[in-house]
Structures are given as C-alpha cells and as structure tokens.
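Before anything else, here is the set of structures, which you'll find just below.
Two complexes come next, and they have one chain in common, subunit A, joined by subunit B in the first and subunit C in the second.
Right after this comes the complex of A and B.
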C-alpha cells in the first residue's frame, strides 16, 4: 500500500521546479530540451509503475497534495515576483483553468457541449468593465457579478439547449458565441470594436494595480492578481471535485451516458442539465471578470470563435471530465505559444491539428478520466 | 421606402439566399449520406474562393485576356480542387470516425475548419487582410424607371439558380442521384443492392464541396472582396439554413437559405434598430427557432431508437 505522502510531495515539488525552469528559460533550445525531457520522462515513469504509486499516494492524501500544489504555485509566482510578463501568463492560465473547469462540468459531466466558452468569459470581462466605468459599486463585487451575469445571459440558452440534441445543440451555442462577438462589436455603449478599459480591482482602499512594496521587497502588481486567481481556482477546483463525487455528479454522469435510462430511474434530466450549464457559465463569467481586471483593456477580438474552440480543446486535451488534466492542458495551451514566439502565429492551427490527431487516435483525451471509485480509501487493484 | 432601395434589398436578399442555399445543400447532402455535420464546409468555401483568386492571379500573369475565359478557368479550378479536397476530408477524417460519437465528428470538422481558415491566412501572402476580388462580369445596368438592375447581379443569380437546379436534377433524375438517395435512406441496404457505399459517400462530399466552391466564387464576385474569415459566418448561416429547412432535405435547404436571407434582409431594413445588428438579429431568431422546433422547421423524420 503506497499511501505515504512522499510521492505526492515529490510530484508537486518536481512540477514546481519544472514550472520555474520552463517559465524562466530564455533560449528556445532550453525550452525545447525541457519539453522533450518531459515528453520522455512522463511515459517512462508510467512505464515503471511510478504513476500508479503517485496516483494512490495522491488519492490517499488529497488535501495534502492540494496544499503542496498551491504552495508550489505560490513559490513559482514569488520566484518571478518582478517579471510582469511571466506573472501575466501565470494568471491567464489560472483563469483559463477556472473557465475550463466550468466547461468540464458542462461537457465532461452533464454532456452539454458549449462552443461559446469565450463568450461567457467575455460577459464576465464586460461586466467588470461596465461596473468599474459606470457605477460606484465596490469592485470586488465584479467577480460574483460577472459570474451571475454569465449565468443569467446563459439562461436564455437553457430552453434551446435542453430541447436540442447533438448537432442542433452545438449550433445553438455556436450561434450564441458569434452573436455575442457581433453584438459587442456594433454596440457603442460597450465600446464597439475599439473595446473598453477595465478599472483596477480594489480591496479595502488598496488598488490591485499598484506595485507591491513591503520593506525592501518589491513585486509586480500581477502578484496580487495571481493570489486572487489562485484562490478562485482552488475554491472552484475543490467545488468541482466535491460536485463530481457527490450524487449530483453521479446524476450528471448518468444523464450524459444515457438520458433515457436515467429518466427511467427517475432522474430529472432538465434539472441537472440546467444546474451544470448554469454552474459552468458562472465559473467562466467569474474567471472572465477577474481576467478583465488583469488585462485592463478588453476588445471584441479577445472573444472570438477561435478562442472558444481553444477552450474546448483544453477540455479535450486534458481528458474529458478530468480536472487535473484540464489544469495541465490549460497551462500548456497558454504558456507554450508565449514562450515559443515562432508558434504564436500558428497557435490556432497547432491546437486544431493536435485535437484532430487526438480525436482520431485517442478520443478519450490525453489524461482520461478514471472510473469512479466508490471507496476512495481502498486501494483496489485493477480498478482503473 | 422608395422603390430603388427596395429593389436593391430584394436583389441582395435573393443573392444571399442563393449563396446560403448552395452551402445548405452541401450540409444536407453530407447529413443525408452519413448522418454527420461537416462543420469545415464554410471554410472549404473560403479555400475555394481563394483558389479561384489565385487562379485569377496566375491567369493575369500568363496574360489571358478574356474575362469569360478567366471566369471559366477560375470556377473550374476552384470547384474541382474543392471537390477533391472534400473527398479527401471524407476519406481520411470523416469516414474513420463513423463509429465514434457524432460529437467527435463535429469537433473534428470544427478544428479542421480552423486549420483551413488559418492555413489560408498564413499561406496566402498578406492573408490576414481582405483581398480585392476582381470584377470580371460586365457591370452595365438596366433602368426601369427608378429601379436599376445590374447585369452582373442577374448573371450571378441565374447561374446560382442554374447550379441549384442542376444539383436537383442530378439527385432526382440520374442513376448516381438514385444511389446517393439510396445510401441516404439506408446505407446497409444500399450496400446489399450492390452500391459502393464508400464511393458514393466520397462523391457526395465532392459534390457538396464543389458547390461550396461555386458559392465562394459567387460571393467573391458579388462583394468584390474575400477574406480568410468569411467562411465561418457563411458556414454558420448555411448550416442554420439547412437546419431550419430540416437536415437531409434538399428542398428544405434551399427554402431555408432564402428564409434566412430574408430574415437578415428584414433585420437590416424593416427593424427600428441600426442595420449593424442584422447578424445579431438573424442569429437570435435562429436560436429562437431552435428552441421552438428543435430539429428544424421541416422536422427530421427519424424516431428515437432506444
């Protein structure tokens, strides 16, 4: 029984070190070496049974592992405390993780595909912009408000999404995503194609856009945003994991796998689909509101159909319904094109080709979700 | 509203209707034979338009003088190469996923659309910016009182309609069309009757993609501008037209095309808010229609198999 905390801690430490090396690497050759190293090391570790050890260690000490990962992320952020750009990348990937978690609940659990993910992020961003520009509400409220707005506007789609299936449902969300972008492009109150600036997040009279000075320690203002984003991600992550394990998650799984059978067993299909859809949109909107503050300036071109597809790719690359996979995929999807300037221009093509290959050869995603374990503490052999 | 403006909007609406109809027929054909939605269809249209444009540039460099010859060459090259591309996509990307969930095909073709779209943007010189599509048709105008009718619009409309009629003829009057309809109705039974399933699927995809290329050339000639993103919206509207008309139904697709174009034109003309919202209006109506009739106005005739 490998239930010691060692492997879990080792993985968190390794991931932190890797993140620091990767984010700090300046030369393209170093980055390539790091990538190749990971691509070789991870399958090798899996080959020698290390992955199984790590998995059971994490499974037995989940709270400890979460704490270790959060500490690791904080250490990484502190390491780069005066590098604006790296911190911005980290914040972006953290927030995309939150949004992708929302999509995971919709797609991975309840089986509703949402091709308007970036539109819901956009709703959050624009809520933050409107609140800071036109009202005097405390800016911390933008985060829940962004989520609520996304959930509310998303509720317009509930009826068509519930009534349609398959391609037809996909058409509804695709149409909504394009509708949203076209709408903000032509709406002058929302800045039109030029976009809007978003005010700073302030808490107890302290603006998040001010650099941090504590004694002789100086840090970029992004550091404070990272802390908030990390907090948000941790909360959402725990919430999603709890949801997955609860009977709500079980109901959603049943509905995704077979609607008719679940209806026969008395599950209220409409209710759980609404819950999943609204909850997912809320997460995307909340992440979007904070993202708006972080960016400081937003325009319709941040929320294109291509960006929605990237969100879907994250969910798919990570393994449908696997929150950890989604987190790793989001980090790579954000950071890779920024670090390799050559591929920045080609990022849409690159991810599209990757997803096509995955769909053809490994349709369950890179890190597929594992089967439900009803007795989490028991290390059942061959339960994968 | 005066008659001039009305005439313009009418012609514009008809033109859009033909273009959407051509795209929608493709969607409906694919759905008919394979029960799949090929979402890269709009982007095939883009690639077709750009292929035609590249052909034009090549012909200009080779100093071919006659605009009619240029047009003919452009259409033929664009349509055959897109037909080939469509068959390739069907063979290597759509058919292998036959047994996978329908959603995977949808995702795959969405991503393929991205690849095509971005491919055009990256490969074509200065592809991020719109390209001026040449005016090759005579632009003389007839006047009926206040109402002017440009001859190029008439030619485009007529050739689009001719293409639709030809497709209709092909599907309903030829042996090949019979085979396509047989495969659409029941693939397995069609196979036992000696129809080559794979070949028919490939031909159908080639046919639909060729039509899309034609629509792309039409679109370019009408607006005199093409850009790498044009296929996305045309694809969504074409798909909407097919869905509104009922997938798998060729008449429905054409009807849906005109209906959708009409909606957009009404959105631009008759509604109180600015015409900039015409796409927003059309998309909102589309979502409302989907909520009202979840499988389109002419409903899909299948029962749910448990």
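Right after this comes the complex of A and C.
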C-alpha cells in the first residue's frame, strides 16, 4: 500500500514558506499575526484529520520527507543569503537541535536528566578555540575532537550519575555545569572571564570565515557554516533515529521504565546509562565545536546554567524522545525571542511559563513521541 | 531427588531484625511444576527475589543446573536460564506489546553498535525473525492479543498484561520459570483461562520447569504435583497438595491456632 507523498511534501513546503515569512518579517504585528495564525491553523488541521494523513504520508516516505526538509532549509538559507543575523539565528538553532538530540538520548531514552547541556557545548567550543589557537591541527578535526572531549570530561560524571537517581542525578549535573563555568573563568590559558577567540574552520585551504563570491552572487560567510551545521544535524538525526529503532533504543527505554525487571532480563543498566550519557555528550560537544567557529569569540558567560535550562526546555517542549519535536522546539526557542524585541529581556520568564503550560496541558510535548517502529512501513507489512 | 534443576539449601535472608527466609530448603526437578504457598508475608516472593539475584542470601546455597548462583547478579542468572514474572506486573506500559516481549529476549538479540546502527539489513532480518516468534508465542495464549502486538501495553486489561509478562518470560526459552502469583487481580474465569494457556505452552516446551506462587488453591491443586508451604520464612510442609492441605501445621498457619 503506497501512501501518497503529497501531504509530506506539502508540510515541508509550508514549513519552508512559514520559516521564510517569519524570519523575514520586520514588524512586530506581522510576527504576532504569523504566530497566532500557526497556533490556530495547526490544531484546526489536526482536528480535521489532516494530522493523521500527514503522519502516514511521512511515515511511508521518510527518506523523501527528510530530503524535502533539508531542501527547504537550504532554500530558506539561500533566501536570506546576505542577512548575517538571520543566518546566525538559523545556524544557532540547527546546532542547538544537535545538542538537544543528545539530550533526547540521555533523558528521553535512558532517563538521565542532564542540566549541564551548555557546559558540554562549552567543552566543544573551548576545544575548537584551543585547537585553533595552540595547535596546527587541521581545523575540521575540531568537530570530532569537541565531541570526544565532551564525552571524556563527561565520564567524570558517570560514577555519580550511576549511583544517584532522579533529582539527585540532576543535582550532580547542575553542580558540574556551574563547576565548568567557574573553572573556565579562573583559567588563564583558556582566557579567563574575557574569553577566547576561535579561529575559522578551514577546508582544503578555504576559510569558512570568508564571504562567498560565485560570479555575481555574494553571500554571507554564515551560509557555509549553515551547510555544515545542516549536514551535522542530518547525520545526528539519522543516527539517533536508528538508535531508537533498534534493540539499543529498546534497552534504553526498558532501563528507564523499570530497572528491576530489566536486570532480571539480562539488561546491563550501567552499560546503557553510560552509553546514552556519553553519546549525548558527544553530540553536544560536536555541536559546540562548530558553534565556537560560528561565533568566533566565546566567553564563560555563553555557557550558563540558564542556557542548560533552555536545552532541557527544548526537549520538554518538543516532546520527550521525539527528534522532530526537538527540531521544532529548538527553532522556536532560538528565533522567537530574537524576533520579538519585547521578549528579549523576559525570555527566561517566557520559557518558564511555556514549560509550565506544556507540562500542565500537554505533558508529552508539542509532538509526542510515537510507538517505536523498527523498520520502514513497507517492510513491517511484509513481516506480519 | 539428586537431579534437581534448582536446589536451595538452608537459604536465609534477613532484613535488619526480620528474618524473611529462615534456612529454607527447596528443590525443583527438571520438568516439574512446583507450587509455593503460604500466608501473606511468609517469604514466597523473597525466595524468588533471592533466586533471581535481586536480594542476596545471607546464608545457604542456591544451585541451578549444577552451578552455584547464590552470589550471581540478576543478569547472569537470566543468562543461565531462569526467568520470572512479578506479583505486581512490571511491564513497560508506554511501550508496545512486542517491545515488552523483546525485553525478555535480550540474550538472543545482538546489541552491538555496528549491528544496530549500520548493518540495518541484518538488523531487519533479526527483527522479522523475532517478530514472527513473538507473534507465534502470543498466538498460543490469545489470537486476539497477537493481533494487537503493535499496541501499547497501557491500553490492555490485566489478563492480557499477565499473558504478555509470561510471554516475556518464555521467549528466551528458559529452563526454569518462576511465576509470582499470576492470578493476582483477575477473576476466577480469567485465572482458569490463563492456567490453561500455561499448561498448553508447557506441553510445547519440553522439559520446562515451573515454580508457581499462588493463593488460589484450586490452581495449585490442578497444576502442581508437589508444593511447599512457607510460614514466617520457614518451610513448614511439603508434598502433594492433598497431603499438605491435611497437615495440621498448614491449617494452623492459614486459619490460626484455636
């Protein structure tokens, strides 16, 4: 039974058009109208059974939908090719999505709350800074190195995280986040409170910090970073998806939901917690390394406890354990306060209110996680 | 019986000053169905927890198929071929029926990264094989339930959850299964149905040994050849149900001494 690709394509196209309108809107009234429009249209469409149609269409044509979304993101980036600020916002949300995917594996699957997300992003950033300042290593290596450093430094936390549970494990990570920031502030090699500059990413002798000239076409240097960020996100997305749709994802879910029953069925609880925690930190660190290159300059104040809370709220808002939910929530959490100048000052208040509202009225998030589907729809039919 | 599959000798388990198990000797032979009865708090579930490694015995020895398992972790005990169900069913409610059964299949699935993330066609093959197996096993219990294999467990009634829990315990083809009060929270009719199913599965799995904790004496009488009675952590009687039921000590334990 081949389900039509139409609805999936329509959603990708609509999302792209919406992103372009929203990012391009200048007046606060336009933005408000767009926001209200979406808040009314989406639930309305869901009520008329459109959501189910879209879901089955996407489910049956997953690869196609992914390609459409990536194309949409590229079109949006090209549309704003000379708008530095908009491109920076886009890059930031793409990289926060990668980090939030890491948190999804930790929290959504294995059940480890990590309130030090921004510290792990910071480890990646500082890895990029140190590598470009003190070494002559090829700068592309900063991306995997940032991930590896985050995973390694995160392993300090493994023992306390394994020994504690729930709130106490959360406290351990909060302490780590604060420790990290303080450590950076007092460490002169890492620039202390003044921070450090991060060199440009270079590939085949071409610096990513140079603006792009192709014939008469000129574009902001952020465009090249967006392409790399998008690639990284696509890769991580597929990886996290496959992880969830495998025995590994099942094992992580099982230890989150019932440790005793899991132990009685041979699941090694420590092993899966370590795997999830390390994997998640790797993603955050890798995203952080690229983010460091994008920002060009980093300081301890970029990695506060508040920023970690934003990451957690992305996972809660989007839908715990659903990568698509994370993607949507990350985009909103980054872009909304930047576009609404009034919110800027109060954005933490806004996040807090949003999270409370979500937990009250839609505890599973905007896009709740669905049941695990190990194989593409067509394959499952064959096995039944 | 020198060929006992499971042998507990002098098992003692204390929690602070409370002696939950007091020098309990208990055996189950290959292929046997043994009942474990006794009033509430007499130590039946504790014995299961000790055998499956959730608690450590303070004294005594436990051997399974000739190897000592008294100090083994629950994971190792599962791998050696013992599985169980829980008195208050412990399922992963948000997960599907299939997922829950696959938790029990852990030792027969591959958990490597390369296998799960990169070799997706090999994974797909293992998935299909396991899916067919789980479906077939469920089908023995209830064809209707087998059709709902992709639904979340949270939406299913108690009897179906019990069935799934038993399937989870059986899918890895254990040698010994410990059933902790499978009839808890079910009607007489449902209990009878479930017991029929268990007997049916047992006939298909040659040599499966079952130890069952049960408060429904009808069940014990019907399916067990032998049962042991615990009271205050001690074994007070053992034998065929009819004999045990006549034992004045057992009557006193259940009804109180006049």
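Keep this in mind: the second predicted complex is superposed on the first by the 370 of 384 C-alpha atoms of A that agree within 3 Å, B and C clash if a C-alpha of one lies under 4 Å from a C-alpha of the other, contacts with A are read in each partner's own complex, and residues count from 1 in each chain.
Following the convention adopted for this analysis, contacts are C-beta pairs under 8 Å (C-beta built on N, C-alpha and C of every residue); 3 or more make two chains touch, one makes a residue touch a chain.
Since the structure is predicted, the reported quantities are computational estimates derived from the model, not experimental observations.
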Contacts for A:372 in the overlay, against subunit B (first) and subunit C (second): which applies, first, second, both or neither?
second
Contacts of A:78 with subunit B and subunit C, given as first, second, both or neither
neither
By the touch definition at the top of the document, which applies to A:265: first (subunit B), second (subunit C), both, or neither?
second
Identify the partner contact of A:178: answer first if only subunit B is touched, second if only subunit C is, both if each is, neither if none is.
first
First (subunit B), second (subunit C), both or neither: which does A:349 touch?
first
Going by the contact rule set out at the top, does A:168 touch subunit B (first), subunit C (second), both, or neither?
first
More residues of subunit A in touch with subunit C or with subunit B?
B
Using the touch definition from the top, say if A:360 reaches subunit B (first), subunit C (second), both or neither.
first
Considering only touches as defined above, state whether A:250 meets subunit B (first), subunit C (second), both or neither.
second
Taking the stated contact definition, name every residue in subunit A that is touched by subunit B in one complex and by subunit C in the other, in rising order.
260
Listed in rising order, the residues of subunit A that touch subunit C in the complex are 239, 242-243, 246-248, 250-251, 253-254, 257-258, 260-268, 371-372, 374-375, 379, 382-384
Name, in rising order, each residue of subunit A that touches subunit B in their complex.
113, 115, 156-157, 159-160, 163-168, 170-172, 174-176, 178-179, 182-183, 186, 260, 305-306, 309, 312-313, 316, 345-346, 348-349, 351-353, 355-356, 359-360, 363
For the complex, which residues does subunit B have touching subunit A?
37, 93, 96-97, 100, 102-104, 106-108, 110-112, 114-115, 118-119, 122, 232-233, 236, 239-240, 243, 247, 274, 276-277, 279-280, 283-284, 286-288, 290-291, 294-296, 304, 306
Which subunit C residues qualify as touching subunit A in the complex?
52-54, 73-75, 77-79, 83-84, 86, 90-96, 99, 102-104, 106-107, 109-111, 113, 116-117, 120, 123-124, 127-128, 131-132, 135, 150, 152, 168, 172
